[in-house]
Amino acid sequence: MNRLQVVLPGLNLKNPIIPASGCFGFGEEFAKLYDLSMLGGIMIKAATGEERYGNPTPRVAESDMGMLNAIGLQNPGVDGIIAKKLPFLSQFDTEIIANVAGSTPEEYEEVTRRISRDPVVKAIELNISCPNVKSGGLQFGTDPKMAAELTRRVKAVSEKPVYVKLSPNVTSIVEMAQAVEQAGADGLTMINTLVGMRIDVRTGQPILANRIGGLSGPAIKPVAIRMINDVAQVVSIPIIGMGGVMEVDDVLEMIYAGASAVAIGTANFVNPFICQELITALPKRMDELGIEHILDIRGKAYGATLHRA
Amino acid sequence: MIQLLTVVTRRQIASGATELVCRRPDATPIEPGRFMHLRVGPLLRRPISIANVEGDLITFLFKEIGQGTKELARLRAGDQIDALGPLGNGFPVEHVARDAKIVLVGGGIGVPPLYYTMRRLVERGIACEAILGFDTADSVFYEDEFRKLGPTTVTTIDGTAGIQGFVTAALDSNRFDTLFACGPEPMLRSIQQVPIKHKFLSIENRMGCGIGACFACVCPTPDGHYVKTCSDGPVFRAEEVIL
Amino acid sequence: MNRLQVVLPGLNLKNPIIPASGCFGFGEEFAKLYDLSMLGGIMIKAATGEERYGNPTPRVAESDMGMLNAIGLQNPGVDGIIAKKLPFLSQFDTEIIANVAGSTPEEYEEVTRRISRDPVVKAIELNISCPNVKSGGLQFGTDPKMAAELTRRVKAVSEKPVYVKLSPNVTSIVEMAQAVEQAGADGLTMINTLVGMRIDVRTGQPILANRIGGLSGPAIKPVAIRMINDVAQVVSIPIIGMGGVMEVDDVLEMIYAGASAVAIGTANFVNPFICQELITALPKRMDELGIEHILDIRGKAYGATLHRA
Amino acid sequence: MIQLLTVVTRRQIASGATELVCRRPDATPIEPGRFMHLRVGPLLRRPISIANVEGDLITFLFKEIGQGTKELARLRAGDQIDALGPLGNGFPVEHVARDAKIVLVGGGIGVPPLYYTMRRLVERGIACEAILGFDTADSVFYEDEFRKLGPTTVTTIDGTAGIQGFVTAALDSNRFDTLFACGPEPMLRSIQQVPIKHKFLSIENRMGCGIGACFACVCPTPDGHYVKTCSDGPVFRAEEVIL
């Protein structure tokens, strides 16, 4: 077995590096820069039932080692994605994970039903943690009962394994994780962005047109590590970790904390070649640290019993 | 796509404005109106227009706004800059008719891309004029450089240099059939109203990726859709965008 | 009225700059660097019933533009503070705010009872949000009912106004704020640190001996701004804002968001003269931005009706 | 308390180890064993021992560990460093008897403060010896500089230079009545056991403030209390601290 290979429900990742949803579009732009077949997988931009324009601009603000975004789930709608985006992605030898969002449980169900039937899609990422939309999004992601109910409904209609994307904006992410695990989630992805705000001191007004946005990037990494570590100890489904990963050591830190694979978001904006570079750097760094297989270190920070599946 | 640029000279050209001339690893031609996405100290890159290209030299002109441009202004000869680009689509200098009557209108930090654009038009043998708008005499830059290329009018809001008022005060639309503009949004909005047939506007927008993947920089279009400033623009036909 | 002066329950601050609890000790070290009488106030290190040694070391880890600490409320105990620390602080013309912590409601009450009777102390900061201790601390700070009950009990025994220090590690900080306001809190201070973790990739083990710690510094600023903004709109008690303030514009951002004064924590470690420098820089920056009195901008980000009290 | 130091020379002195000589704004004397808290790129300052002082020049010797020391190693002549200090309490060079028999024991990044300490002892006319422990021949630094001050023994763990083993392998405790040591915790722990009367250890600890205010750097003491590495130390009597 390839020392970077990770097998998860529905996903046979040749390595644990996956661009995060919303930070890689549908791969078209990055395909001009490098061969996407080298990626473990790709988490594509959120799909909703209808095409959405999203929020007014400015949609991005910056903070120290972090960025705030309030894109607002702009996307061509599930049918547009199936018709125009997935065919393009089908040419690459990598695992496509479809991020599903909605305003109502029915919309989540409908989007999942359609997109999970496309053979290009290998797994669903249930986005119940988007802080940038008025209805849906974060609501489902902060109430364990609602999250469990939504997971159950989506699982019932999905033809592919369902990974639930958790929000860090909660008192107990462990409770959320346990609720969706019990509701049948096949895996977890975490963390989505922290809700944040910046104000322009010249106007006294929020920089983002949406006022608030989601904080991502290195600033949130210690929060992500802590949450992955807490959740990994109590669930038995795998975790795809994310939040501020920029360097190969960050990837290792997430896996030590209990993640089985790692998604890269904001870093793609700083360095569009980052995923390629991380994949190349991993084996070298593993050699230096005496790590044979990447999953040998999974959960070691809390003393997990190790196995490579 | 990512190049390491080496700073050759840095020079203050106006109050709070800097010219940075850098050496590129190669000398591939670049169309005017495109930009580079520069990684300085802060997390996100900073989009800066290409103000000139000569062989392997590339020039940036920029105003110090916040941390990014301040750090850029502190670079010294020999320092390196991680530059993603050139990105976006520029002004259609190769597509305008040879007898076109062109005016270039720049406002503040919108002036830089027009210098390279005008140079390239003049090289193609197309006569053109420039109108450059600034806040005040202190902030005027590159006036002489533009004059060497063709007739140039400077306007300042406070009247301390050139004509007092906004750039539109100096614009006689009857004399031109093509307009290239770059500047602050209010300026571009008023230019959208100017009765000149072909109008191309370079717009600004906060960016994430700079390559079309994140939807940060969208601009609505009259047909109810949107364009991305970074990859569809930054230059658009005036009718294409709702500002 | 001095354009920087801020009058809050129990506190007459000559300016809105206050070193944050735990980041300034009991002032002794900083008193060697500048005259503490120039400060608006001082939030002293947490007091517990008995002397506490705190957590084993390492107690500090770093992350991008943030730090994690797990000091664990080391302090000489309330009697030690009253006997040895407050007399020293009494020489300065500044408002002393005593940070109170404990493992049980009884301990909180006891500490408050004693320290609030000391004439040097002008207000109590109820620390229900310390993530670095086994019992007490964060428990009280994440459950609105427990927080309200504790606030009520402490208010009943306090001779000075009580400011409750809120934790950002909650689903709804607004709910927490409203709960303690209804329970009688005279003001709020926010935010305490976000729970985080870092792992040493050479050992696979957490860097902090305590495993987890509290994330502070510029990394958390957008989260603080957002929370202050949300809470300021729904409570009528004043907020002392904190979280990542390093520059004069950060101070203004917090006040635009709805804070009445601003505490400076981690920045004191980066630049021990920071509070002095901010106080000096404020009037100059206010001139540039055309701000007459510092409170003229309070809450402007959400369109608050303005008054200078 | 905060000074801007100006880098005069930077020099690699061993694999991954750098010597940085900086100019201070003044020439006030500094006791050996104290440290400076340097602000480089990362948020928190980095404590680095003062390895030498001559007039207004100050020397740091350090190993590249993470981001902070890596950025420090990239500084060039003319660059400035924001330095808080000197901080802490150093070795009691002014208080040891003139006829004391002193051995200085340094391990790895613990070697730097001992150079300045030995220099000052020698200036006071006190004869002393040094034992310097490193991992391997590649990482040995400042051996010649120490030799110029007095008898110096080098040890390496892999035996590629000097005596093979830890510093304790080269330490004949019968010959000395005073010991000054700085190095990794395991080394200091074994030195606590060495039967030499006066033992002073400089300890390391992760720091926040560096001035005694944050309680990050505490070290337990045998009487059930604690000391702060930054302000009570970093030099302690061996009996004073539990390592």
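Every chain is named by a letter (A, B, C and D) in the order it is written, and numbering of its residues begins at 1.
To be clear about the criterion, a contact is a pair of C-beta atoms (placed from the backbone, for glycine too) under 8 Å apart; a residue touches a chain by one contact, two chains touch by 3 or more.
Fair warning: this is a prediction, and the values are worked out from it, not measured in the lab.
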Chains in simultaneous contact with subunit B and subunit D: none
Subunit B and subunit C: spacing of chain centres that average the CA atoms, whole Å: 46
Averaged-CA centre spacing for the pair subunit B and subunit A, given as whole angstrom: 36
Rounded Å distance between subunit A and subunit C, as computed from the means of their C-alpha atoms: 34
Interchain centroid distance [CA atoms averaged], subunit A/subunit D, Å: 46
Per-residue overlap in subunit A, given as positions that touch at least 2 other chains: 64-66, 218
Chain-level touch network, classified as line, ring, star, complete or other: line
Pairwise chain contacts, counting only pairs that touch as defined: A-B, A-C, C-D
Subunit C residues within the subunit D interface of the complex: 22-25, 28-30, 33, 45, 53-54, 57-62, 64-67, 69, 71, 74, 217-218, 266, 268-273
Subunit A partner contacts - residues on subunit B that touch it in the complex: 1-2, 39, 42-45, 84, 205-220, 226, 231
Touch list for subunit C against partner subunit A, complex: 61, 63-66, 68, 142, 169-172, 194-199, 201-202, 204-206, 212, 215, 218-223, 225-226, 229, 244, 249, 252-253, 256-257, 289, 297, 300-301
